[in-house]
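Notes follow the structure.
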């Protein structure tokens, strides 16, 4: 069965390490915050100028001056800090964030990613995504493997305007965990109950794998 | 009579305006702080990271963490702020300082200035001088008009390594107040009792003037 | 003696001198930390043909969105323009020119403008539409593009506290682009929630030294919230 | 669980991994705000062939000047090297390579290094020895030169207060290059006067967020004063 949004987030959370500074994009990536392992400390960076983002506030603690990059009201954890946007992107561009998780419309076998624009249809702007994609060494892209109409989002070449070129190495879809290297998709894990054949069928770019591809463990 | 160091500082202080942010270099420029007109507020910037420098401390208030760019212990005035060196030079390079006063070994008719290095003899480094010279629109150079041996320091071409190219418009020496424009020194004022002839004699670069050159007023 | 007293007595005075065709750099991120009343004053004056530099363009009828109905903005330089129907309409019809700029590049362009850096290289946007017409260069085996800095005729800023010298302190994530924008205006105008006595702000803790500030006014603020997310409902994680 | 606890228990641990030939970026201006004890540890370890990036090179027997007698520094990148006889001697004889860099350019190079900006243009140094071998370019009618950024294998920092997450606060002009250097080290080591509980530092008032800090140690400091100027003697204006 394809993973739910929550399961995708849960699988991503297994890639966290104790002491990681992490930037979570809008959408599924945001859910990762709900699955940080108990025995682990992780600090969330929000690119509008906050390190140490906490949960949503209560009615009593809501503060218009305290939002995340998705413009949601949030709180902070102990040890958090605020800074301006130049400092925030100095962190990101300078490679100080340990892990970035973000969504995408398409990725391809060259590690290209398209995530911000559908010409003539969706032109909202890239926000901080281009900086995140260019600045981080360690990025996990979360997305559904294919559209509702069965069109693959894992391509030989992205068709939409790029967010970044050659910057993606890891993709977690509702069907598979994939590494991108040497111009190919490498199938590392499959969603429980999803066959390699199903994944191949829904992957447009060249997909390779070694031996038995393990199922994800939760 | 040639101006004393204090008189040079005093004449420079006449160029101050109420509300000016000013950077004073080491040496004679530092003395300008002693001649700020009573009816005027001026804030001193020190490029090591201080806006609002005050007087020297007393034995009781001395603080090793509070120095100026000349490494002297200082105090601050009300409304002062501290910042890092990048911010300090953002102010300077970005043209936010209203007036910069600094010393020099030589200036020339093209507005070039040499102030930091005498090859084989004095190689201490430029510190912040190159940034100050490049960043400020409004600079006054203070210096003696000639060396003790009578060699002019106002030249057609600087002979020493430059601190900045084409950046100087005003020079106040112990003999004269001079403007540099269109490739010439323009004599604006002379020190009390110093003749135009004396100034011409000690000025190597082309010096021009209009009518009676007024004496400086103190 | 005026000295360093930056306080002006009205919003009219605060925005005096703004003219059609000027460039305005504005602080704020979404609806957070925006100079609401300075924007309202531009709206009231009906200044037109503006180039506006800001991460977002507000929402309909609030923030910079106020300047859309009368088409006061000619060109918008922003990283994100979503969630504003009128904006999208004007962009689609070509009434409004939009220069989409990655958020970090935008922040750095504004900082560079204030700091006298005319241009810098960044990897952000390499190989994308953002790189079109820009120089590419390789440093240490990686490709970068050259980005030029931004300054404005006016910078409009929202801070939390200030003293009359224009020393500013920001609050939480309402800081965002404000300290950068404050450095990048030929005339920098700041509105604040509270003006304190000179000397009350800790000199070690001033976010923006008064040297960058030309005019200061105390205002009252609506502080509209765009996405009111409250725990413990897990349905409010939003997308 | 280690989490974000950056505290190490000894100076030996603090500087573990430093090797001959590495680049070290150091905070400090003159003797003010220098990581005295981290420098002492490098002296003790006798690490050699170092490239050291710092505004100054200390004075004889103190600060970075400590690393001169045993010729531990191969190359010094600094803006001002005056007032240090041994330094001048080694520079004159060619034992020590010196790259004189304007102070503001040095600050910006270090900031850029930490911020992932590989190079930027500045007017500082145009037409001087500093510009030799560098690209010139005209922007808006003015000439600029291209300067490349600096990063270090280690950054050594002196702060005032920290929490164990490595959030830092600096004091007065002891801030100087420290916050910049803190961003530019592959490994950033910080020594502080006081370590406070996590949560004690106001999140709005942290100068350096802990994300830049790898190791933290509490030390005691001599804080030598280079120019002890006291009022009201007017003879102490110094030149």
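As written, the chains take the letters A, B, C and D, and residue 1 is the first residue of each chain.
Note that in this section a residue touches a chain if its C-beta (ideal position, glycine included) is under 8 Å from a C-beta of that chain, and two chains touch if they have at least 3 such contacts.
This one's a predicted model, so the numbers in the text were calculated from it and none came from an experiment.
*Asks:* Give the label of the chain whose average Cα location is farthest from that of chain D.
*Replies:* Looking at centroid distances, A is the chain farthest away.
*Asks:* Can you work out the whole-Å distance between the CA centroids of chain B and chain C?
*Replies:* Using C-alpha averages as centres, the distance is 36 Å.
*Asks:* Return the distance between the CA-based centres of chain B and chain D, expressed in whole Å.
*Replies:* 28
*Asks:* Distance-wise, how many Å sit between the C-alpha centres of chain C and chain D, to the nearest whole number?
*Replies:* 32
*Asks:* Would you give the residues of chain D that are in contact with at least 2 other chains, written as numbers and ranges?
*Replies:* Within chain D, residues 108, 111, 115-117, 122-123, 170-172, 175, 203-204 contact more than one other chain.
*Asks:* Please list all residues of chain A that touch 2 or more other chains.
*Replies:* Residues 82-83, 86, 89, 92-93, 135.
*Asks:* What pairs of chains are touching here?
*Replies:* Here the touching chain pairs work out to A-C, A-D, B-C, B-D, C-D.
*Asks:* Can you list the residues on chain C that touch chain B in the complex?
*Replies:* 1-4, 111, 113-117, 163, 165, 167, 183, 198-199, 201, 203-204, 206, 209-212
*Asks:* For the complex, give me every residue of chain D touching chain C.
*Replies:* Those residues of chain D that touch chain C are 108, 112, 115-123, 137, 139-140, 142, 144, 148, 169-172, 175, 202-205.
*Asks:* Looking at the complex, which residues from chain B come into contact with chain D?
*Replies:* 26-28, 30-31, 34, 46-50, 55-59, 62-68, 70-74, 82-86, 88-89, 92-93, 112, 117, 123-131, 134-135, 161-166
*Asks:* Could you list, by residue number, the parts of chain D that touch chain B in their complex?
*Replies:* Within the complex, chain D contacts chain B at residues 29-33, 55, 78-83, 88, 91, 100, 102-108, 110-111, 122-130, 160, 170-180, 207, 223-231, 234, 236-239.
*Asks:* Name, in rising order, each residue of chain A that touches chain D in their complex.
*Replies:* Counting only chain A, the residues touching chain D are 18-19, 21, 39-41, 43, 45, 51-52, 76, 78-83, 86-87, 89-97, 135.
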